[in-house]
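Naming follows writing order (A, B, C, D and E), and every chain is counted from residue 1.
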Amino acid sequence: GGNDGSTGKSASAKEDFVLSGNLAGDGSSTVAPIMEALVEEYAQAEKDVKVSVGVSGTGGGFEKFIAGETDFSNASRPIKDEEKEKLDDAGVEYTELKIAFDGLTIVVNKENDWAKNLTVEDIEKMWVEDGTTKKWSDIDPSWPEEEIIFYAPGTDSGTYDYFNEVILQDSDLVKSATLSEDDNVLVTGIKGDKNAIGFFGYAYYDANKDSLNAVSINDIEPNSKTIESGEYEPFSRPLFVYVSNAALKEKEALRNFMDFVIDNSAEMADAVGYVRLPVTEYDEAKKQLDSVK
Amino acid sequence: MDNNLLIKTNRRIVKDSIMKWLFGTASFLLIVLIAFLFYGIGADGVGRLNLSLFTNFGSRFPEQAGLKAALVGTLSLMAVVIPVSMFIGICSAIYLEEYAVKNKWTAFIEMNISNLAGVPSVVFGLLGLTVFSRALFLGNSILAAGLTMSVLILPIIIVASQEAIRSVPDNLREASYGMGATKWQTITQVIMPSSIGSILTGSILSFSRAIGETAPLIVLGIPVIIQFLPTGPLSTFTALPMQIYDWAKRPQPEFADVASAGIIVLLVILVTMNAFAIYFRNKAMKKLQN
Amino acid sequence: MSSIQPSEKMRTRDVIAAAKKRERFGKLVPHILLVVTSLTVLATLGIVYTLLKETFIFFTHINVSDFVFGTEWAPFSNGSPAFGVLPLLIGTLKIALVALLIAVPVGLACAIFLSEYASPKVKKIIKPIIELLAGIPTIVYGFFALTFVTPFLQTLIPSLKLFNALSAGIVVGIMILPMIVSLSEDALSAVPATFREGAYALGSTRFETAIKVVIPAAVSGIASSIILAASRAVGETMIVSLAAGSTPAFNLDLTGSIQTMTSYIVQVATGDAGYGTTIYYSIYAVGFMLFLFTFLMNRTALYVKTKFREDY
Amino acid sequence: MTLIKDRKEKIGLHVMKNENWKKPVYETNGLNVWYGTSHALKNIDLTINEKEVTAIIGPSGCGKSTYLKTLNRMVETARDVHISGNVTFMGNAILGKAMPVELLRSKVGMVFQKPNPFPKSIYENVAFGPRIHGIRNKVMLDVIVEDSLRKAALWDEVKDRLHKSAYGLSGGQQQRLCIARCLAIDPEVILMDEPTSALDPVSTHKVEELIATIKNDVTIAIVTHNMQQASRISDRTAFFLNGEIVECDRTSTLFSTPEDSRTNDYINGRFG
Amino acid sequence: MTLIKDRKEKIGLHVMKNENWKKPVYETNGLNVWYGTSHALKNIDLTINEKEVTAIIGPSGCGKSTYLKTLNRMVETARDVHISGNVTFMGNAILGKAMPVELLRSKVGMVFQKPNPFPKSIYENVAFGPRIHGIRNKVMLDVIVEDSLRKAALWDEVKDRLHKSAYGLSGGQQQRLCIARCLAIDPEVILMDEPTSALDPVSTHKVEELIATIKNDVTIAIVTHNMQQASRISDRTAFFLNGEIVECDRTSTLFSTPEDSRTNDYINGRFG
């Protein structure tokens, strides 16, 4: 438990007091890289505030958040109704903060010189299970008559959830797809197979640009600009931090840290391969934070 | 010489040599495999083995990422695991070997220990989460993880200690009792000094298991993003295998090298511990060799 | 000699007083130790309680027989989530089977070599190295499987998927090897030297002695070592999570991605599934299943070891 | 030797006034010992006299060791042992709860067939007994260790390496060390179970000499398979067979004119 | 008996024509054996003659077992053993690579101090040797098993439970079973290392009788610590001390008029 009391003004005799305390967060591993960057920077600024962040997944994070074990929870999807209910039951009030976009990127093998662009409908046709074996030529007759090899994030991931929401719409994913919780594994898989296609977070594409091709969606190519502007639609999803109001009121350090998060998320998102939100979103978040008094 | 017998015997000897060669090759292959494994895992990480790996906390920059928190965390974890598991383990072994009368309860305890030894580590994680983290309000502290790991290796320590105590020759016990020593005196002054070497051997091997176990830590939800060192047993922390697991999942390929470097560090710790275990074993064996 | 008279060495009064004091303490000791020893029972109770509590809730959502006999495991499916545990069970068995196919022959060969052929010097070198293998964290093995074994096997079997039961099974086999080697070697070494002497003196070769005398005499120990190793393979988590994939498969194919009971637990523990959902409770049900499974295997090992022990 | 006399008077459990030559130390009446269902000792009646050497002979498995171990109740450390009958030590019944075994054993030393020094230094081996009986004083321990090693005729051989491991000693030296270890607790009786059967001729000779010396101060019961040894060193000899006493008499009598033909057969090597 | 004779003629390693009474089976010249640095046998010269019983006596640790085990090269199974010198068996050098140990041992049986039957049935124990030497034929095996058990004077006691575990037998029966197991490979020589020291008087007697019978067919070398046994059953006796041979002579001569005073001391029980 890292939520033992934080004493903001212990050195109140001095003018510039030193913040201290323990802050605990947990949640999505997708949010982890940006969170790590933020924590790393914050540790330089406030040496005595000890922030620890786990990566138990969005659900696991909420579980702890509900139990009152954490001060904030990272999520790669919006909170679910079940979780809301449990939070209500536990009497935990929270504030939802958006901190960055993760561009969900559809990628193909470097040697794939045909699939440069796909429409949302194409994607749907490819990825929804309908009992047939899918070939590239099914999408466009000029494309090779070879079986498509699918790679996708594990079904228990926020990325998958999001894909589900925008593409599958509660139909099932192609059964032949190779699923992995580890996105690096997907990268490796797609690199190794000419007929492969897959999707994962933009950060993983960003780190492997040299060896993978990203597919444009409806002629919009994924890059930080198109994602930030929302043009790369509907494949950019927001990443969230849920913070406990009670803890915010109680812990000076938490408020300080959250301010830091809002102020620096844009920069850190760029740094670790995510995409910053429009400035207005951060201002909105700031307002929300300030309203918790 | 009788030719027939000679030929038959020679044929049997050839068969024996073939089998020896076969068995020997199997053993040799195993060794090669280990070398291969070490090389395969470690090769990528050698480049990242520098001082900053040990003095830095985790970082978003692969070249700056370090193990400081994980290393200290693992050491702190062991600071809980070693005394707790050894105390309970040795006490149990002494009880079972020296005091227990064969009744249903001790038979049940023995059965229970052997079963516990076979419980998958991930299940121990679930135990730790429910009992230590939640019911005892220890959260994901060093203490919670330490107790979980202690329970996990406890059966190994008990069994190893039981064997060590059993291998103390009876004539030493006889000598001690014959002098009028009580049971407890015999245990503390004869049996323990004679068996502590082997007990340490078994314990060290089980500690190396505790150092490398990942699944229970994952289930406990041990954090990986930490920029500070633990301050006490109730502090949150991270541990080597968690850190390695996390790095290995990062998008940037450079992090894979950092993970490899972390694995090298972990393996070096294990090899060192095994070396100590072997040292203690040899010493213990020498001690009882009369 | 010093001025102290040896006559003062030990007086009966002191001896009796000291003996009484020790006796009082001595009587307490076994009780204290018994309490400490009983903590292990508490640990088991803790495990059973932990698992059962949430498993019961799970079974208020899902029918027991649907769980135990169901052939589809699709907890995240949007249309029709299914919680039939058999695919996980089959995945687990595939891993254990491949692992045993690797570990039993190699392990026994190695154990026989060490106990019957190797000189003490060679044994003294090889045994610690093999023990080292036992100490390597399974997460390390997991990466080994994924980055080394699978690519290598793919050159032999082109149809092999990136995640597959085969390479995970092989590496689990390597992981349990030291267990088989060391326990079987113990069993072989425990066969009294007089049996070997008897056989050698009749002109048997080492191989004949091993096959006809030593192994039959140690068969219960060897069998129990195999069962214990199998139970370890069943409970193995990280190798499988990293290298075998996470696609529950109800088939007998070894080249494709599978999911085991353990890797499902880790998947949910690190994944984004909602707290309080059926998925959340399902990991306890699977955990309980796993616990029962390994429990039965350990009981069997113990039974084999004691029931079929040759009394020499 | 007067030193020892002094101590003895102060310690005696049960002080006997008339120093009769045949004062019994141990009296055994109708002793039966079972290991589980196997009847190892059957109705043994035997008296062991003070400051005599009593030899116990008999073929393997006849119960010699069992009898000896009953005398200091070590026999009870085996599993599933049942004892009936009566054994008194200096007039006190030793079986049952009457006397704590630790007390009995601090009055009765035992030396085993295989020398069994502890894996400790020579000094620590000898000091072990006094220490467990509560003597902490370093000077006193030094005195006891030296005294005991001298009496065991070992002092000169080991005085320069008191703090080296006892396992560095030869088998014969180890056995004498075990005797010294016994002497350090200043026992009334020393029980010896084939103490020389693992020793070479020279060491055997030394131990036999030692027995001859210490029997002036200590009562000795010795099990041996060597008939000549029994006749050389003992005052009285008891012949055991199949868990029973066939004959017990003055050694010279038993070896020259045994009453029982089985005794005769045994001492003439016709079996065993 | 004729069965055996027949077989013997077919197999005989080194056929000797003149059936001289003193034909040597084993000749040992300048044999030295070291265990690591400890010199267990020093310059042994000894001849073992055909169809005689040669007894080897001496105190514990003098090298008796080591010598016996050199004769079938079992000594090499110990760690770190060095051997020099020359030993011939029926004229063939047995040390070094010249003769495979398996061949030597199929001509030389061995019986150990503690009976060591395999954890198999009585039948399987006796059939073990013939089987590994390639005899598969059931009828032939039956004949060999019965023949060997008869010669070991055990047939009548076990014929109704041939397929029961050998562990159901008493110690004495087990020892005779081990002798039968040896006889089944039809050896030229049987080496016996204190074969009766773990047996009761009656069993000892039976084994001694058995030795007296089979010595008509087989050469026997026996280690014993029982001087009377040596004098009862052996033709020649060798006295070992500290790894050396002190004396070797006809048994009657050695026991009545030993040349060496140490022999005299030993056989009169002055040590050991």
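General observations
The definition used in the following text is that a contact is a pair of C-beta atoms (placed from the backbone, for glycine too) under 8 Å apart; a residue touches a chain by one contact, two chains touch by 3 or more.
Everything quoted here is computed from the prediction, not taken from an experiment.
The fewest steps needed to get from subunit A to subunit E, moving only between touching chains, is 2. If you tally contacting C-beta pairs for each pair of chains, B-C comes out on top.
Computed centre separation for the pair subunit A/subunit D is 82 angstrom, with centres defined by C-alpha atoms. If each chain is reduced to the centroid of its CA atoms, subunit B and subunit D end up 46 Å from each other. For this pair, subunit D with subunit E, the centres built from the Cα atoms lie 37 Å apart. Listed for subunit E are residues 102-103, 106, 132-133, each touching two or more other chains. Annotation for subunit A: residues touching 2 or more other chains are 29, 55-56, 60, 182. Across the assembly, subunit C contributes 19, 22-23, 203, 205, 208, 269-270 as residues in contact with two or more other chains.
Taken together, the subunit B residues at the contact with subunit D in this complex read 169, 171-182, 185, 189-190, 193-194, 287-290. Of all the residues in subunit E, the ones that touch subunit D in their complex are 59-61, 197-198, 200-201, 204-205, 226-229, 241-242, 265-266, 268-272.
Listed in rising order, the residues of subunit B touching subunit E in the complex are 1-2, 5-6, 8-10, 12-13. Those residues of subunit B that touch subunit A in the complex are listed here as 57-60, 134, 137-141, 221-228, 234, 236, 238, 246, 248-253, 256. Of all the residues in subunit A, the ones that touch subunit B in their complex are 1-2, 22, 24-26, 29, 32-33, 35-37, 39-40, 42-43, 50-56, 60, 64, 67, 69, 182-184, 187, 201, 203-204, 206-208, 268, 271-273.
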